[in-house]
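Read through the structure below, which is laid out as structure tokens, and then see the notes.
As written, the chains take the letters A, B, C, D and E, and residue 1 is the first residue of each chain.
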């Protein structure tokens, strides 16, 4: 099988952290005060980056993590530097890393609108997909990694490119019904992390995550070929709320 | 396949905690005293919420957790605030989180009684299912997440809606034989957590959990299509018993 | 498929603990002394319970646990109280919980001897199975949980009740060849814990565990339908040996 | 299927330990000194046991463990006593247990040389296999547990005894080509631990482990029926090197 | 099936470490200073080894590890000594081991160029593959272990050697399209570690890892027969940067 051609944009690091509450509760008040101020500045500085890319922080529901920072940047070196900046901060030693995900924004050439494929570099559509602006509806996030199955008769990679295109077209149709409610960033992660793709959804109403994924589960491409990793759901945490979030 | 239409009610957070007994045993008596009083108040305050929803606490049997608080609320933001309230309490640093589950109460439209489907909003039946009252028989709880299989010939999502409806009808019949012994809350969690559904059972006699699940295992829908996550079983812990439970 | 009818007896908690040796080695000698005396009393008190049921303690081989206490009691509330009694003891904070298992003694009606089925309540055979006496040959224990498979063509729950009965009869025949060498307690755990059954074997010669399980593996019911969880093997620890075991 | 008849010899405990380097680095020099002397004596004492059996220690490569002690003894009680002797030593609290394996040396009757089967007890061949001497080429060790598959059409336990014997004969032929390079001890662990068999290989050149396992992977018995657990590879650690190994 | 003949070169240890940031942040400044100097010297000393082999260090992205040191050496004893040198250093107690991988550079005889097979020992091609020089494009690394499947109809080891050779030839063709962008070291690990092979890729542009693995996923040998372990991606860390990396 020939691999479909893809375009790649910014690299993405989903950096998940868990606060060690006992150690934090025993830290000296002055250190806590300084650590909060520093973390606030750090988050603010990386939210919109003059060099390209942006970051958004979320408070994660449940035991899987306390914090998710989604970083989008032109290079892996910049993502590593951001991770190290948090590690090396005063708060760093109180933040364990329960999970993370390295991937790169991916766009399939054969999903491009008519006329785009000839001159990809000049296409505003392509640019907007590979280097997306900050999402408008971003109060809640849902992130999960996934694979396409390679099990016996259910092997995505053994389908013809036509079969794959048909299945993906149906799937895209389901997704488009959620336009204006859910926005998404699809990242590829083969050779970068343990699953094949990352899916990051943004919405102002978290019920839409459930509605969208539920509906898509009945598309043949999900029903028969999708394997899902862990799901992380969180609510927007602005830099100025870091203090109350940590000491809340 | 077309996804069946669903109705959603309150969001649910199953918040499981494990007490770090060594750290707790070394905490100063005064802090322990204050922490117990605060936790008692916190649990009492969230048990029945004026804004809608309720919470119930259980002491969990075995190594998986010590405590389960089932929270039902209108929004994810309120569940996150409840989780943070426990995290930020004096007891919070002594409570690890071995598991949690985020989901939303779900009702399938085609399972509705005759005449309901036309005017769902006005149906007392629907309202009672989506925004349930505190269960009457609630001395014991059993919670587990589950999937419907998508493996080779056993793929739930490739069945026709008629086939799925038939299988669910048989399953419902088994469940109804336990009316008056076991009450249940079914929550959907696609896009919210790692499994597709959560099942929360309440009973005054925990043997009924075993009887019900055993009988259902022989229904084709379970025998052939169900995948089960971890099971958590616990006994009701009223706010006023928190102190003796922690120091017992 | 119709579920086979079952009878249930005592509930069982397999409570596995691991000693935190570094913390224990650093505990003050006086505390250790008191903790040992208290744990000895606790174990002794729960070994034979006037209210019904009994408990037996074992030193477990290898990394999975240090201690297993098998508790049999009429209710889940009593098992939870026993677990909490150990948690709340002086030794409790030094004992982590690497595993546990909640189940209930189960007897299948169609495996009953001729004439028993009509008057179950009066049958001494049934009573001896549901509320067993302390095993005679109990120097060693072997505990493991298990499932019956539900994979493709190997689905236990899709067999007819006649097929299941035939397979179980052969299996029982293998087991009976070990009468006088190995005694067993079968507990059901659907709706109570993560596997479907627990198997607890007792013997004075641990080689018989290997012989029995090895032979049974070739029975079709195991070969084709059994899935096994972790195996725990231990040697009897009498209450009076707790001190030397902890400080050994 | 009838289970093949087996003979059993010594029990085996593979006791894997990981040094907590931070705690150890913070232990008082005098305690470290005493702990090293005690551990050296302990290892020396159990290497060759007057009561039957022997022990060998290895430094394990990589993150899975730091130390493996292979103990062979007539009874499980002796293995448990050896484990407890290390636990209770001064070094014990600094040694976590990442893994362990309980099994018993196993010999299949139908693999015995001509004429042996009639008088097994008197056979020097059988005795040498069930109660082996210390291996001559023992500078490196490779230990792994394994199962025979029971999946769909690939079910070892559903083969006839003739089919199994043929497959094992081919496999044995591959193994014999490594005589003089690799020696092995096969232990059975059904009813004793989580896998069905343990394989312990000894060699002076660790490349031979790779060569042997690689070649065997293409035998039908491995290709189609083998499932492998974790592999542990280590280099011989003599008692007198314990000090430099711990402080190296 | 006959196993294909292989040639082996240097052994490889992929040694992954995670810094315990809280303990490190609490270490006395003088110890930190000394530990950094010692670690810098240690890394520098092992980078190019006069006795044969070399080592390269990488800062790993995400939660899986902080540091990867790839060591290539003639013997397992030398790899174990290198691991112990880091363990026993001042920094050692602050570095946990989340993963590691032991393998040996492997070359298949039937993949050799025309004319090489007759006189392997004298072939510069073979020597360069078994004992590779430091990679030129080495700013980024991608390491992952993998298996060939043995599941039902998808069993690599049941193919004929001709079928395997054809599939590998196609795969090699895909790989060669990345010459000058990605260099690779293939190591075999049967009998040495938990997967069958290790793949270590080096590149100056990490996007090429994604491009290469993505394209290869559609080759039948990957699509149908490959199983992948965890992926580790990192950026070159030169010995002189250890200090700023640790305190960054």
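Points to keep in mind about this one:
Rule of thumb we're sticking to: a contact is a pair of C-beta atoms (placed from the backbone, for glycine too) under 8 Å apart; a residue touches a chain by one contact, two chains touch by 3 or more.
From a predicted model like this one, the values you see are computed outputs, not experimental measurements.
Between the two copies, chain A and chain D, the C-alpha superposition involves a rotation of 145 degrees in steps of 5. In this structure chain D contacts its sequence twin chain E using mostly different residue numbers, the overlap staying below half.
Note: centroid distance chain A to chain E, computed from Cα atoms, is 28 Å.
The centroid of the Cα atoms in chain C and the matching centroid in chain E are 45 Å apart. Taken residue by residue, chain C touches two or more other chains at 151-152, whereas all remaining positions touch fewer. Chain contacts here close into one cycle, and each chain has exactly two touching partners. Within the complex, the chain D residues that touch chain E are 21-22, 24-26, 59, 61-64, 140, 142, 151-154, 201, 206-207, 209-215, 217-220, 222-224, 226, 228, 230-231, 233, 235, 245, 247-248. Touching chain C in their complex are the following residues of chain D: 1-3, 6, 8, 11, 13, 15-16, 20, 23, 76-77, 79-80, 83-85, 87-88, 92-94, 97-102, 104, 150-152, 155, 157-158, 188-194, 196.
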